[in-house]
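The structures come next, written out as structure tokens.
Below are two complexes that have chain A in common, paired first with chain B and then with chain C.
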Partner chain A sequence: MADVLTKAEVLLKAGRVNDAINVLATDPATYNRVVQGVINALASVPGGRIADLNGNIWSTSQLIELVRQGRWTAAPPLINFLMAEVELLSR
Partner chain B sequence: MSLELMRRWVASLPPSERNLPLLHVGGMFYTPLQALHEVERGTSIGEQLQKLVEEGRFGTDLVNLAKARLQVILKEAGPYKIASLSGREVTTTELEKMLQQDNLSDMILQRLLAAEIQVAEKSLNKAKEIKQ
Partner chain C sequence: MLFLLPNKRGVEIPSTIMRHLAHQIDPKAVILWGDDANAENARKAIQDLDPPYIFTTGHGIPCATTLQDNQPFISLAVPEMNRAVCDRERNLDLVKGKVLHVHSCWCGKLLASVMVQRGAWAVFAHDDEFLFLLPQDGKTIDIVVASPFLAEFTVDTVMLSGHTAGEAQKARMEAFDRWISYFQEGEGSKLKSAQLIVRILMADKMISKLYGDSTATVTRERPIMEAKLSLPLTVEVTPSIPLAMIAIPLMLWWSSWHGGTPQP
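Moving on to the complex of A and B:
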């Protein structure tokens, strides 16, 4: 698990989101932990909505749905949540 | 700035201000409460947010910040009209549309954006006051 998370973290920091997700997907148990972690983090966001630099306002329930569908790149805020979760799990 | 100071800073802000976008990291705006949440979780994004607060920076330019704040305010305010002294009226829906189209020439919109910049600066300055 640690190896997959380290690789994913490096790729995410390099802005290679799809590659990072592909690496995570090679270890389904780790991927599921990341998904669950992101969903929990989103569910606990104060205010329940997030603004991005493109002028969108996302509700956390919308974002959770995108995570469940594996559409990580559909909303810029998801990258922040993915990065935070990978980082927390890799510690 | 320690976690305790972050907590004191957020607590010093008016409740409505705690839930408005203020800081920007990685394509996403964070409200003071969301920033505190990230700091409490101990993520590197939390560290970056804490650094922004310490340094009195927003992480993006003021116009982008004001636009994000106003978008949230307009969306949550529901429909109403704003009138200028010249007698012109503009609805919140029209203002939202202007923001989405990045058409910032309207005088009423410019005033609202300027007001948001002012409030945002005041909020961030509170962190400095608390640190001293």
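Moving on to the complex of A and C:
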């Protein structure tokens, strides 16, 4: 797991999101932990809304749906959460 | 020191929080708040006061940061990126010798480095989107909503206590770590939104960078002041359109339709 996470982290920092997801997907157990970690965090705030300083707003339910569909790049916060999750699991 | 605090279109929360902190951090702080935080006033204030330190928040893209009503404040001439706000250079002549905290999304990607090339001593910026949780009721800022900003505004507390930009950056990272620990293992872990705010804090930490000279300082060194924020706070906003501009035409329309005073 550690090897996959390290590779994914490097790719994410380089902005290669799809490559990072492909690397994670080579280890289904690790990928599942990443997905579950992000979904659980989002699900902990039902009806929650995440914003950025540009006035963009995403609902937690909308983001959960995108993660379930594997559409990490469809909403910018998901890429940031993916990076955070990989870092959390690497610790 | 100068604090530019627009309060519409997504920056109401950081501006409200900083409005409460600024005078604790710097008793002589000059604050341009709400509609006063426009590009013209900001330029005039920088020219007149020549502040060594400027805090600004607003919308941001790699080539620009904006103020109230999305007025371009500092921008590069990169129309390919954005024709509306990066059509020409703006206010880059004002940054020479200054330390700036540009609390806007994306400005670390390009604008901050160009500001340093143009003589800014140091620039604190974000090279991606700065995320936060909106209040559940739309107006009450609690510890969960405030925590990313409280971590981020460590920069201002430390810089305005006379420490170097490098020390402020280190303190900023440590502040994010403390908040992450608070929600992961501390008292905050009992809150239902703890898991999500941990991810948000981690994401914000990763994108918060220092550009320029890490030895930059803006005032004589003194003990770091502890800025206190009484929570919960209520978001302070300026209505986009004065209420009368909506209410009067509505009343006139209602009167003409119903021939009298508005009735429920």
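To be clear about the criterion, the second predicted complex is superposed on the first by the 83 of 91 C-alpha atoms of A that agree within 3 Å, B and C clash if a C-alpha of one lies under 4 Å from a C-alpha of the other, contacts with A are read in each partner's own complex, and residues count from 1 in each chain.
Basically, contacts are C-beta pairs under 8 Å (C-beta built on N, C-alpha and C of every residue); 3 or more make two chains touch, one makes a residue touch a chain.
Model, not experiment: these values are computed from the prediction.
*Asks:* Check the residue A:60 against both partner chains and state whether it touches chain B (first), chain C (second), both, or neither.
*Replies:* In the superposition, A:60 touches chain C alone.
*Asks:* Determine, for the superposed model, which of the two partners chain B and chain C contacts more residues of chain A.
*Replies:* With both complexes superposed on chain A, more residues of chain A are touched by C.
*Asks:* Give one of first, second, both or neither to describe whether A:70 is in contact with chain B, with chain C, with both, or with none.
*Replies:* A:70: touches no partner chain.
*Asks:* Would you check which partner chain A:83 touches, where first means chain B only, second means chain C only, and both and neither mean what they say?
*Replies:* So A:83 meets both chain B and chain C here.
*Asks:* In the overlay, answer first, second, both or neither for which of chain B and chain C A:45 touches.
*Replies:* both
*Asks:* Residues on chain A in contact with chain B in one complex and with chain C in the other?
*Replies:* 41, 44-45, 47, 49-55, 57, 76-77, 80, 83-84, 87-88
*Asks:* Once bound in the complex, which stretches of chain A touch chain C?
*Replies:* Where chain A meets chain C, its residues are 38, 40-42, 44-45, 47-57, 60, 76-77, 80-81, 83-85, 87-88.
*Asks:* Which residues of chain C touch chain A once you look at their complex with the stated criterion?
*Replies:* 9-11, 14, 57-60, 103-105, 128-134, 136, 192-196, 198-200, 202-203, 206-207
*Asks:* Taking the complex as given, what residues does chain A use to touch chain B?
*Replies:* It comes out as residues 41, 44-47, 49-55, 57, 76-77, 79-80, 83-84, 87-88.
*Asks:* Using the touch definition up top, name the residues of chain B that touch chain A in the complex.
*Replies:* For chain B paired with chain A, touching residues are 18-19, 21, 24-29, 31, 33-34, 36-38, 41-45, 60, 64, 67-69, 71-72, 75, 99-100, 102.
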